[in-house]
Every structure is written in C-alpha cells, then in structure tokens.
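Before anything else, here's the structure in question.
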Amino acid sequence: MSFPILTAIMLAPVVGLLLILVIPEREQLTIKITAAAATSVSLVLAILAYVLYNKGQGGLQFLQDIPWVPAFGINYSVGVDGMSLPLVLLTAIVIFTGVFASWDMTKRVKEFFIFLLMLVTGVFGVFISRDLFFFYLFFEVAVIPMYLLIGIWGSTRKEYAAMKLTLYLLVGSAFALIGIIATFLYAAQHLGQATFDIQTLATVKYDLGFQKMAFFLMLIGFGVLVPIWPLHLWSPDGHVAAPTAVSMLHAGVLMKLGAYGLIRAGVFLFPEGARYWAPLIAVLCIVNVVYGAMIAMVQKDLKFVIGYSSVSHMGYVLLGIAALNTLSLNGAVAQMFAHGIMTALFFALVGNVYHKAHTREIARFGGLAHQMPRVAAGFLIGGLASLGLPGLNNYVAEFLIFMGSFTRDQALLGGLLSFRILSILAISGIVITATYILRVVKNTFFGPRKPEWDHLEDAHGVEMVPVVVLIATLLLFGLLPSLQIDVINSGITPIVAKIEAAKAIGGIF
Amino acid sequence: MAALSLLTIEILTAVLGLALLAIGLLVPRTDRRGIGYVATAGLAGLLIVAFGMRDVSGVVLGGYVIDPFGTYFKILFLAAAILTAVCSFDYVERMGLNQGEYYALLVLATLGMMILASAGELISLYLGLELMTITFCILVAFHLSDARSAEAGLKYILLGAMSSAILLYGLSLAYGASGSTVIKQIGQVVAASGASPALILGTIFLLAGFAFKVTAVPFHMWSPDVYEGAPTPVTGFLSVASKAAGFAALVRVFFGALPDLHSFWVQLFMALAILTMVLGNLVAIPQTNIKRLLAYSSISQAGYLLLGVVSYSVLGIGAIMYYAMLYVFGNMGAFMAATAFYNNEGSDEIKDYAGLARRSPLVAAVMLFSMLSLAGIPPMAGFVGKFYLFTAIISRGYIWLAILAILMSMVSVYYYLMVARAMYLGNPPAGSQPVRVAPGLQVAMVVSLLVLFFLGIYPTPLTNYALNSAMTFFMP
Amino acid sequence: MITLNHYLALGGLLFCIGLFGALAKKNAIGVLMGIELMLNAVNINLVAFNHYLEPARVVGQVFAIFVIVVAAAEVAVGLALVLNIYRRRLDSNVDDLNWLRW
Amino acid sequence: MIKYAWLIPVFPALAFPLIVFVTRKVRLLSALVAIAAIGASFVMATGVLGEVLLTGVTMDKPVEYATTWLGIPGLLKIEAGVLVDPLTAVMLLVVTLVALLVEIYSVGYMHGDPGFATFFGYLSLFSASMLGLVVANNYFMIFFFWELVGLCSYLLIGFYYHKSSAARAGLKAFVTNRVADFGFMLGFFFLFAAFGTFNFRELAAAIPSYQNTAFLTLAAVLVFIGPIGKSAQFPLHVWLPDAMEGPTPVSALIHAATMVAAGVYLLARAFVLFASLPGVMLVIAYVGGFTALFAATIAVTQRDIKRILAYSTVSQLGYMVMAMGVGSMTAGMFHLMTHAFFKALLFLGAGSVIHALEEQDIFRMGGLYKDMKVTASTFIIAALSLAGLPPLAGFWSKDEILAAAFGNGFTGLYILGTLVAFLTAFYMFRLIFVAFFGDRRAGLHAHESPLTMTGPLLVLAALSVVAGFVGAPFVSHGFSTFVYYGEPHHVAPNYGVMFLSVAVALAGIGLAWLLYGRPSDVPEKLAQRYRSIYTLLVNKYYIDEFYQWLFRRVALGLAEAFNWNDRHVVDGVFDGVGDVTRISGQKLRLLQTGNLQTYALVIFTAVVILALWMAAPVLGGVVQ
C-alpha cells in the first residue's frame, strides 16, 4: 500500500506534541522550533497532496482503510475529495502560520504548543475522515484543548468566553451525534450491515420524514459551529478572548468544520431534507450577513470587528449551501478557504499590534501606518479581501456564491418572496462590509501620527511569515482561481448529482 | 466436585479475605504496610484467575450461575478492588488503624459483589447483597477519628437496612407468586401463568431495592452524604463497584425472571433514568467538595447506565457492561487523584485545587482526563461507552431520551470543567510545593489513564468481550 | 379458618408498623428496631408462603432463617456505630446527624 | 499589432510590483520604470489604432480573442479576453496618452514627496486596471477592473494618509462607488440569469430577440447604476469633489480624464442593451442632463480652484451621459475624448498653480498671468475649449451633443444643455479672471513650473485645440463614421445650434468679465440679494449633509440597536438558559437535607407512587 499521506498529515502534529512533552519547559525556542517543524511537515504534505490530487478523476483519493470496531462497522478510513482537500490545505497553512504568529509567546509555552498541536490534530482528522464516527470523534477532540487554550492564554473575559465556546460547541455537537447515530441505525436496517462510511450511507434511500428530522439535527449541530444566527454568540466572544494563534485556527478553520459537516453529513446524505430546510437557512444567512456586518460596524475592539465580520462572511457560506446548486456550493467551499486565510491574516496582524500596544481599542489608535507600515499594508490587503476585491481569493468565492444563489429562482411563501430577493439582500452585504472594514482601516492606521505609539516597531523577521504566506495564498487563488475551483468542483459534482436526483420538494416555507 | 471448581474465584477470594484478617492480627503494627501489598498482589492473582475463567459457564447447586456475564463483572470488581487497595496504602496509614481489617473487609466486600453478580437464586442474591452492604458500611465508618465518617456509616447502615427490607419484601412476594426462589423458574412460571398483582407489587419493591443500590433518583439520597463522609478510597470503590454489582444483579433478576413484564418495568426504569440524569447533573453544579461533586456525578452516571436497561436489548446490556468497566477506571482515576491530593493537602475542597497543574501535572492530568471520560468526551473511553448506550436507546426509538441524556452530559462537562478551571487556569497558592505522590499510586493512576485512552481510541477488544458476554447471557 | 391472606395481611401490617417506627422514632436505636420489625414482617410472609404453597420444600423457612441471621449482623454493626456516635456526641438522635448534607 | 493588444495593460501591471518590491528605494528609477511601461503601452495603443484604421476593423467587425479564466463545465465560462474595435482603440489611445503625460508631469509635481516611488507604483497599477477595463470583452472582466480602478482611486485619494480629510475622502469615494457597483453587479447577474453569458458580443446577438422587456429593463437600470457611481452622476456624485484631496496629477488623470469616464465607456459598450429600451434611455438622458446643470450651478459659487474643476467635471460627465441617453453614442465618446484632453490640461494647470503657490482659493490668487505665462496661456486655451468656442476641440464635441439632443427631438434637454454651456463659460472665466488677471495678492510670489510639468501642458494644449477636428461635421469620414452604434451616420452640421452655443458661451464669458473682470462689488450684492440661493449653492444643496445624517443617525443607529440586541437579548436568552440550569441546581440541592428519615420517607413515597402508577390499570379494571 502506498504512503498514507493523509494519516501522516494528521500525525505530524502528534509527533511534534510527543517530542515537546519531553523537552524541558525552559527550552522555549526548541519547543517553538519543534512545533514549527511539525506543522511545516503537515504543510508540505498537504501541498503535495493538493498537487498530486487527480482532478480529472475526482472523487475520494489517498484512501486508507483500517477496520476499527467491526461490531459497529466503524473503520478508520481516510480520504480526501475536492471538497475536503482545500480545507486540509487551509488547516495546514493556518496552523503553520499560527505557530509563527505565536512566536512571541512566553507564558507556559510548553503546554501551549502541546494543546495547540492536539487541537490541530483533531481538525485535520475531521477533514480527512470518511467515517462518520471518526469524523465526530476528531471534532470533539478539538474542543477541550480549545477550552484550555482560551482559558489559560486568553485575554478579555477569557474564562467566561472559553466556557461559553465549549458549551455551545458541545451542545451543538450533541445534536449532530444524535443525528449520526440515527442515520447509522436507519442505514444499518436498510443495508443489512452496520457502517459509518459516508459514501455507503449516502447510497441509502432515507424516507422524507427521517430526512427532515436528521437534517435538522445536523443543521443545529453543525450550524452552531458555522455559526448560524442566533447560535453565533460564542464566536465573537471566543475570538476576542483567544490568543492569536487560537483565534486564527478558530475563525480560520474551526468554523469551517461546521459548514463542511453541514454539506458532508447534511446535504450529501439528506438532499431532500436539505431542500426542505434550505429557505430557513437562506433567511438566517441574511441575518448573519447583514446583521453581523452592521454590528461589526459599531464595535470598539479590533478583534470584535473581525469576530463579527466572520459571522457575516460565514453567512455567505450558508447562502451558498442554501442555494444548493453547483455554482453556489463551489462558492461556499471556496469561501470557507478564502475566509479562513483572510481572517487568519487579520488575527495575526491584530495579535501583532495587541502584543506590542497592549490594547485593541480602535479609538486609541490612529495613524499607525506611520509606525507600522507593513502591518497597515497587510491589514489593508486583508480588508480588501474581506470586502471582496477582485484579484483576491474571496472575490472568486463570493462571486460564485452570488451567481449560484442568484440563478436559483424559487418562489417562497407562495410567491410572496423569491429566493432571488433573499440573495439580493445577502449580496447587499458587500456594501456594509466595505464600509466597516475601511472605516476600521482609516481609524486605526490612517490620520495624523500619534507620538504615544512611536515605541511600536513594525512587524519584522519571523512575524512577517504569516503575513507573507497568507497574502500570497490570497493572491495566488485570487488571480488563478481555476487552480482552486477545478479541485472543488470535482468534489461538488457528486453532491449536486444527489441533490438533483432527490425529488423536488417544497421548502419549509 | 466439578461444581466446586466453578467456584474457584469465590473460594479464593474468601480465603484471601480471611487470610488478610489473620495476617493483620499476626504481624506487628510496625510493618503492617505490607498487608496492603499482599492484598493487592492477591487480588491481582485473582484477577488473572478470573480472566482465565472468562468463558467458563455452569450452574452450581441449581442456584448459583457461573457465566461469562458474571465473570465479566467479577473481573470488573477485582480491577476496582485492586485500584482501591493501591489507592489506600497511604490513606489507611494516615487513619492509623488495623490495616488488616481494612483490606480484609475490602476483599470480603468484593466477595459479596461476586456472589451478587452470579446469584441465580434469591437467597444467595440476598446474602451477597448483605455481605456487600455490611462490609461496606464498616468501611465507610472506618475513619473512626472522623465523626463525619461515623455519621456516613450510620446513615448507610440504617438506610441500607431499610432498602434491603423493601427488597426482601419484594423477594418474598416474588417467591410467593411463583413458588420458587430460582430466578429461571420464576421466569418460567411468569411466562406460563402471567403476572399476578402480587408479582407486580413485588417487582416494584425489587426495583426500589436495586434502585437504592445503584443510586437511582429518588432512591439516591443516601449516596452524597455517605460518599462525602467515607474515606476517599472507599468512596471510590463504593461508587464504582457496588453500583456495578447492583446493575449485575438487577439485570439478572429483571431480564432473567421478569422478561415478560418488561413492558411494565421498562417505563419505570425510564422514569428513574430521566430523574437520575437530570437531578444528578444539576445538583452536581453547585458542589464545592470534590468528593460530593463526584458523588453526584456518579449518581448521574447511574442514570446513563439505566438507559441500557431501558433499551432492553443485548446491545443495551453490552453497553452497560462496557460502560461499567471503563467507569471503574474513570471514576477510580478521579478518586485516586483526589486521594493523592488529600494525602498532601488534607483537603477535598475544589478551590484548594487551584493551580494543581503547575504543582503536579500528573495528578491534574489524571483528574482532567478521568473527568473528561466521565463526561464522554473523545478520545476518552467514556465517549465510546455513551455512544453505545445512546445507540442502544435510539435503536429503540427513544431519540428524545437520547437528546436529553446527551444534553445532560454536556451539563456535566460544565462542572467537570469547573474543576479543570481550578487546576489549570488558577494559580497555585504562594509557597506551595509540588504534590508528591507515592510511586504505587502514580503507577495506578498512569495505568488507569492509559486504559482510558486505549479503550477510547481502540475500544474493539473490550467491546467484543462485553457484547459476547451479553450475548451468552441472553442465549445461554 | 385462617388463610394465607390473613398471614399476608399480618405481614403487611407489621411491615407498616415497622416502617412507621423507622420513620418516626428520633432515637437511632428506635429506628433500628423499626427496621427489625419490617424484616420480621418479611419473615412472616416467607414462612406463610412456604406453608401454603409448597409445604414439601422448606425454601421459605430457610430463607427466613437467613434473614434473621443477617438482620442480627446488621443490628450488630448498627449498634456499634450508634455507640461510636453516642460516645462522640452523647446523644443518638438521628435528627442531629446532619453534618453531611446538600 | 492587435493580437498583442493584451500586452497594453500588462506593461504597467508588471511595473507595479517591480516598483513596490524592487526599485522603491531608488526614486527616479521607479518613475522611469512607470513611465517606460506606460510609454510602451502608448506605442502599442497607437499601433492598435493605426491597424484598426488600416485593416478596416469597424464596430460591426471587431477583433476578439479570449482564454478561459475560470470555468465550470456546462454552467459558467468566465473569459479573460480582448475585444478591439474603434471604441476600444480610441479609448486606449486617450488613456495611455493622458496617463503618459500625467506621469511625466508628476516627476516634477511629486518631486520631494516621501511617497514618490509608491505614487508611481499606484499610477501604474491604475493604468493597468484602466486599460484592462478598456480591452475587456465581457461584463465580468470589466467589473473586475472596474473594482480595481476603484481601489486605485481609493489609494490615490488617500495618498496623503496623514491627512484625516484625505483618508475620509478615500473612504467616501470607495463606499459610494461600492453602492453603485452593487447595482452594476446585480445588473449583469440579471443578464447572466437571462442569457447565461457575460460576453458583450454574445449578449449583443441575443438581446434584440429577447422578449421579457420588464426583466431586461430591470437589468439595464441596474447596470446603469454602475456609471452613476463611477461617473459621479447625481445622486452619487458626492465623492468626486472630495476626491480632490488626492495629489493634483491624480485628479487630472483619474478624476477628470480617464477613470470617471469609465462609466460613460461602459454605457457605450453596453449600448445595445440600452438602445433597445427607450424608457431606460430617457432615464439616462435626464439623469445626465440634470447632473450637468446641477453641478454647473454649484461650480458657479465655489472658491477652491480644484473644486470648481471637479464640479465642472461632474457637469461635463453629465453631458456625456446625456449624449448617450439621447441616443448618440458617437457624441458621447467624442466629448469623452476631447474632454479628457482639456480637463486634464485644466487640472495639470491648476496643479502647476498650486505647486507654485501652495494655495487653492482663487480669491487669494490673482495676476498669475504675469508670472506663469505657459501655465496661464495653456489654462486659458483649455478653458476656451471647455467653454466651447470654435475652433477648439470642446466646441465640436459639445456641439455634436447639442445637435444630437435637438435632432432626436429632446428639445428640453437641448435647452438645458445650452444653459449649461452658458454656465460653464461663466464659471470657467470667473476662475480665470479672478486667478490669472487682476493684480497680485500680497504674500504670493508665483514662479513658472519646471519643464517636466510645462511640457505636458503644452502637448495637451495642442490636443485641446486640434483634437476636435477628427469629429468636425465637415470631415466626411470622421469620428462619427468610426465610433458609432448601429449604422454609421454622418450628421449634417446644424448651423443654428452651432451659432446659439457659441453665442451663449460668449455671453457667459462676457458676464464673467462684467462681474469679475474688473474690480466691482456686484457679486457681493448679488450674493446678499439672493442669500438663500447663494448659501444653497455654496453648500452644494446640502446633499453631503443629508448623506452624513443618513449614515450617522440611521445606519449607525440601526447598527447600535442590533448590537444591543445581540449583546442583551440574544446573549441574554442563552446565558439565561445557563443561569436557570445553575440556579435550579442550587435549589434542588436543598432537597438533600441531611436527615436520614427524610431520605427514608422519600424512598417510601417513591415506592408508593410507583406502585400506584403500575396499579392504575389494574385498579381501573377493578372499578369498572
């Protein structure tokens, strides 16, 4: 059997973790280097996998199967398709840059990197699992380290935020677990064999009632993670409280777990259920986009702005999912990737500023571009990405989502409302986004020089690694989107095929 | 004489217990610490024997059943007893009493549980139960210098006696209704001639009696007080082993004698399960004493185990067995950590755990991961156990019950994390030294931690063992 | 003519009396005695059942004897604990046993 | 040459990273790189124009080639392509030429500025985006570059980021345009939804035969919102005057000559869409006409030299849009071209003045003519051209617009246009008389600018004079037979219209001379007499204030409300659930009294309850 590249990607952090366990606490640099090495191995392998992936053939590749609990048909089976591969790459990039972004960490360094690597292992696991049981298992593995990371190394209201985040995520996942078990049992009856393999589960014909119920459970379970309004509150608080690297990983990757799960375990398994609940998702996504962006506009704390902007941007992903067609789903996945990179960039830079200025209050800043031009430039580019400027990855993603949802012409509420209206409302978010992002840029970086910040030194050396890597990624996929979309599309095709095969049923309203 | 060979484990256990009693009287006070080692070694030996007999099955004198189901639980009891013994070394020395008695009682309690687990007949069942209860209440009150310990003991004996009175009344009715004390025969009679009101009443009394032992709400009320008052290792043992024994007996009686009434008692157990999960978890939240917190958490655990009974299926029993086994390691892990801390600080208050992670990473980690296992967070074994339980009841269509259960286990995450918060987020008091833990205890803690991880990541062996045993129980 | 039901009624009655004692008496000893009554009620049941259902086999009576023995053991331990507490607090009122609560 | 037309945007596109990452430290080299790049583009552009003329590429027979940029089989094909027809060719020439001149000019103007190199980087990026926009062969691509030019304008307006006003102006420009782009984007989404393509020619082929007029109208109106923003038409014109915060060369290149003309260019490109919808055409025409008048009236009262020119720009853009609206794409593009030259010249002249004086208020200038002959004379030429005096370029193009309006029966718009012509002449010469003539103000010692700055002025002056002849009515194969929509039509000269426009222009100049040509207190008197109107005009009809109010009070108010709701209501609910759980725990805990008899009682009560529950059916059976 060929080299298990995916397992290697996942286990590289574990190896790093075990090494760090035996390194004495005071060897801080060694610890950091070990972490960097471990994550860079993951990154290189992830890039390799991305390059080696055969788009033409599509489907799941780099498969690996090990029977695990035969009695329940649980296998350790991994593999990536066009949908998960970009997310694996995303995770690798974000964690790699995240390690460098936390280079200035000095408090309980050893534990920090141990938990961080533990966390990322779980995240990798989720994206590569083909087995629902492991999918869930890995997801939960990621939660507790998160609690400790935020609780110990966090900043504002950290204990509250950490607990809030943990409970939201766990309660959400509880529903997902019920849904998974129910699906498993249903399928076991119809297949005559117990299995958690998603592909096999997808071959079962679930009756409508079950689909509605199961999809709803998945919607709550993974929706909390996305986060879908009104279950979103853990995310701004969590982002703000979390230390830089964790915010990056958290907003950059963890939220994507939700959307990914919603597509994989929701839409893919229960297309009819998805059709049924789609209008609800669409409406909520508008709340996410518009309401989230509006709130972001009046935040006083840089991280809160980014936090709510994430809520707003993930709304687009939801829109893409709700529209349930090829374009929109491609866009949704692309948006997951793009937003992950973009928001990671934001948090890296904000973290950099915070570490030096010990405040994130926008009102106190102003004219920072004089002292930290690089940071300013990076932040501006991030801002342009988030407001969907052509040439950057987010634009492609948002454009596809908009196209997809816009070309979906479905009457809701008995013709009172059309899906197209909803998508137009959502698209209007681009204006609000532009407003709040550029206002923040203006108030923070532009304007007259403030002598009180003259002691701040611009990002330099290792600190530039995240900035450069992330911006480069944004540009690469922004200018050559086919590198990304071709892969994603190969993963979306089967899902859309299922949606179209599903019988056309009306939405919930 | 083949019959007696089936009893090897019980006989050896009895011998060990009595031997320890004797040794305790013979050896001089100075080097009685050795007794603990002897006890541990003996129990370990028994464990091996028991494991060797895991597939043996047969019936002694028509009433005493040896089957994989029973043996599984015996192994469980022995594992728990070993951990308890190891955990007791320092603790008992601090109590400074006749250690021989302590370990002897420990072993005899184990014997009682074994009998309870294999009793195929009401009288021996009662004897096993009482052997367990009485020895336990001596153990609970063992901390003579501590009035709380005595109070706990008295509460346990009085309430225990009442509950066994109820149980007995139930047994007598069952006997009356069926004219036999052999569980199988009772089952046949019920199957043949249906259920008389007397039998139904008896069923309820039995249920109450067992509910008391497994601390199901509202029959749980003795447990928080007793758990708090008892010496920590005893609490641990009590919370895992006697509960498991209760379940073993419960399953034997209800699945063996009253399968035809399950439509009756399943809903009773469902009500109990709900109450137990909800109340146990909610009341655990405001606790400030680690032992009391664990007491309530173990009440809620009983609620989850009851789900297995509610599901009334092989899978359900298998799930109970699996869960009970890893519950031994999860809970004992927590109690060992608590003991280790108590041996240093002489305190059980959660607030004193502040910054423990800095003072003793091992103790903190064991406490944390044991609790995560209890909460059912992967990759700890507890997750797999809960997964089986939920699967079992969802397969019966009780999705709402599963949702309630899992939400409640998320509540439990909250109070477990409160402890984690103290240990990891808090800062150690000024001038505190690292916590020193006796090597034996360290080994035990590490072992149970590893078991939890292993069973969480690769549960297959235990899963298969539990399921097969459950299988043989249903179709011998 | 005395039938099984008379015995059962007697047993039930005795059980309730014992129960009342166990619940009402404030003195721990009294509570113990109440419990003893309940156990005896069970014994009556057992013996009665045995006599009326299958006089041939003495299962019920054996059971009853076991119960008596075990009850004795229970009382022994119980009294020991009561004594222990009495030494400590010079009373054996169960209402005062509330150091452990909530 | 045409098949290499795609290189035209590429040169400056390469120049940008080269300057920013490599040569930033070496100032002059950076400038050279930028100028060389745009110069190359200029050469290519002339080549393309030549080939277009020689090989007879016409509006109906354009050259197009493309490669797929992003495709999803069967659903979506987004091309990166080049479409070259006379329209493109002209536009390319104008853009590259003006850009080239402005960059040369900037070497002198920006010299000594810390951001010198960066400035040229931005200019190159802008040129690249603008040229990309021009050669685009589909809506997606045009939108792509449309946004990028917006970005460059944002960066360049906010170039002096240490000035809060500049930062604010940049933000305003971007957001205002964003609103418009939102409409534009929806517009071509509608088109895609209807026709499944972005490509101009495929659309042009499909649209005429498309039935659902309502749908098409909606799409057309939405697309038109784009130009309203980019070309600063009412009511989204507010950003352009503020954009004058940027360095003057930027105002000349971006906010006068090229970028703001992109809107008009888009109208020309999408003309087939509008032409089929008379209703929409009418809207366009009136929006344009109204903007022209509206902005002109404001320009009359402004004091800041750049703001006067800015409002004049808005007004002239209105003219072009109006031309499109009345159905003469030719006239619109023609005016776009000539306007590019003389308006760029005006701004550069103004820049030269500002460079000399560090002063922008015309009433603090005066007598500049004596010190800055080149600047002044070129400025005056440009002004005359703008005022529309024959035989200058402005005359021909404006005349063609008026003629078109008149000819196509939009008499109202025609009169309006004539009125605007009058006002234009008036405010331009008000500026000139005040700033360049009269006697020197104290404390201001002007000096002529260096050659790098005056050179471009002269070139542009020449163009402002001659550029008009290509489209003069008596030229048989002129502009109108080159850039057109539908059939090439050679409009016969309408001497009446010509005469009238000249007359009003002269009248305007005369009035300006009367009021400002010599010392007089008449203006003040007028201002006193019509105070209300005067303040209204000075305050630009309070439109900025209105938007301010809209944003601060309404938008931010709403946002605050949402924020409060999120923090208190939504969060309250979920935290509330948590509290309920916690408190119920504290309450339930009290059941645990510690009294063992209570425990016992509970146990037995439970038993009784269970018994009754189970017995209920049995007892029920007994009762019946």
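In order of appearance the chains are A, B, C and D, and numbering begins at 1 in each one.
The definition used in the following text is that a residue touches a chain if its C-beta (ideal position, glycine included) is under 8 Å from a C-beta of that chain, and two chains touch if they have at least 3 such contacts.
Just so it is clear, the model here is predicted, and its values are computed rather than measured.
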- Distance-to-centre winner among chains (Cα means, whole assembly as reference): A
- Looking at A-D and B-D, which pair shares more C-beta contacts? A-D
- Query: If you take the mean of the Cα atoms for each chain, which one ends up farthest from subunit B?
  - Reply: D
- Distance from subunit D to subunit A - Cα centre to Cα centre, in angstrom: 36
- subunit B-subunit D separation of Cα centroids, rounded to whole Å: 77
- Whole-Å distance, subunit C centre to subunit D centre, using C-alpha means? 97
- Centre to centre, by mean C-alpha position, how many angstrom separate subunit A and subunit C? 65
- Query: Tell me, which residues of subunit C touch at least two other chains?
  - Reply: 22, 31, 94, 97, 99-101
- Query: Of all the residues in subunit B, which ones touch at least 2 other chains?
  - Reply: 154-155, 158, 162, 224-225
- Message: Can you pull out the residues of subunit A that are in contact with at least two other chains?
- Response: 167
- Message: Under the stated touch criterion, can you name all the chain pairs that qualify?
- Response: A-B, A-D, B-C, B-D, C-D
- Sort out for me which residues of subunit A touch subunit D in the complex. 167-168, 230, 233, 291, 294-295, 297-299, 326-327, 330, 367, 369-370, 384, 387, 389-391, 395-396, 400, 402-403, 406-407, 409, 424, 427-428, 430-431, 434-435, 438-439, 442, 445-449, 481-482, 485, 489
- Message: For the complex, give me every residue of subunit D touching subunit C.
- Response: 589-590, 592-597, 600-601, 604
- Spell out the part of subunit B that touches subunit D in their complex, as residue ranges. 154-155, 158-159, 162-163, 166, 197, 200-201, 203-205, 207-208, 212, 218-219, 221-222, 224-225, 264, 268, 279, 282-287, 411
- Query: Which of the residues in subunit D end up touching subunit B in this complex?
  - Reply: 581-582, 584-586, 588-589, 591-592, 594, 596, 598-600, 602-604, 606-607, 610-611, 613-615, 618
- Where on subunit C is subunit B touching in the complex? 8, 11, 15, 18, 22, 28, 31-32, 35, 38-39, 41-42, 45-46, 49, 53-54, 59-60, 62-63, 66-67, 70, 73-74, 77-78, 81-82, 84-85, 88-89, 94, 97, 99-101
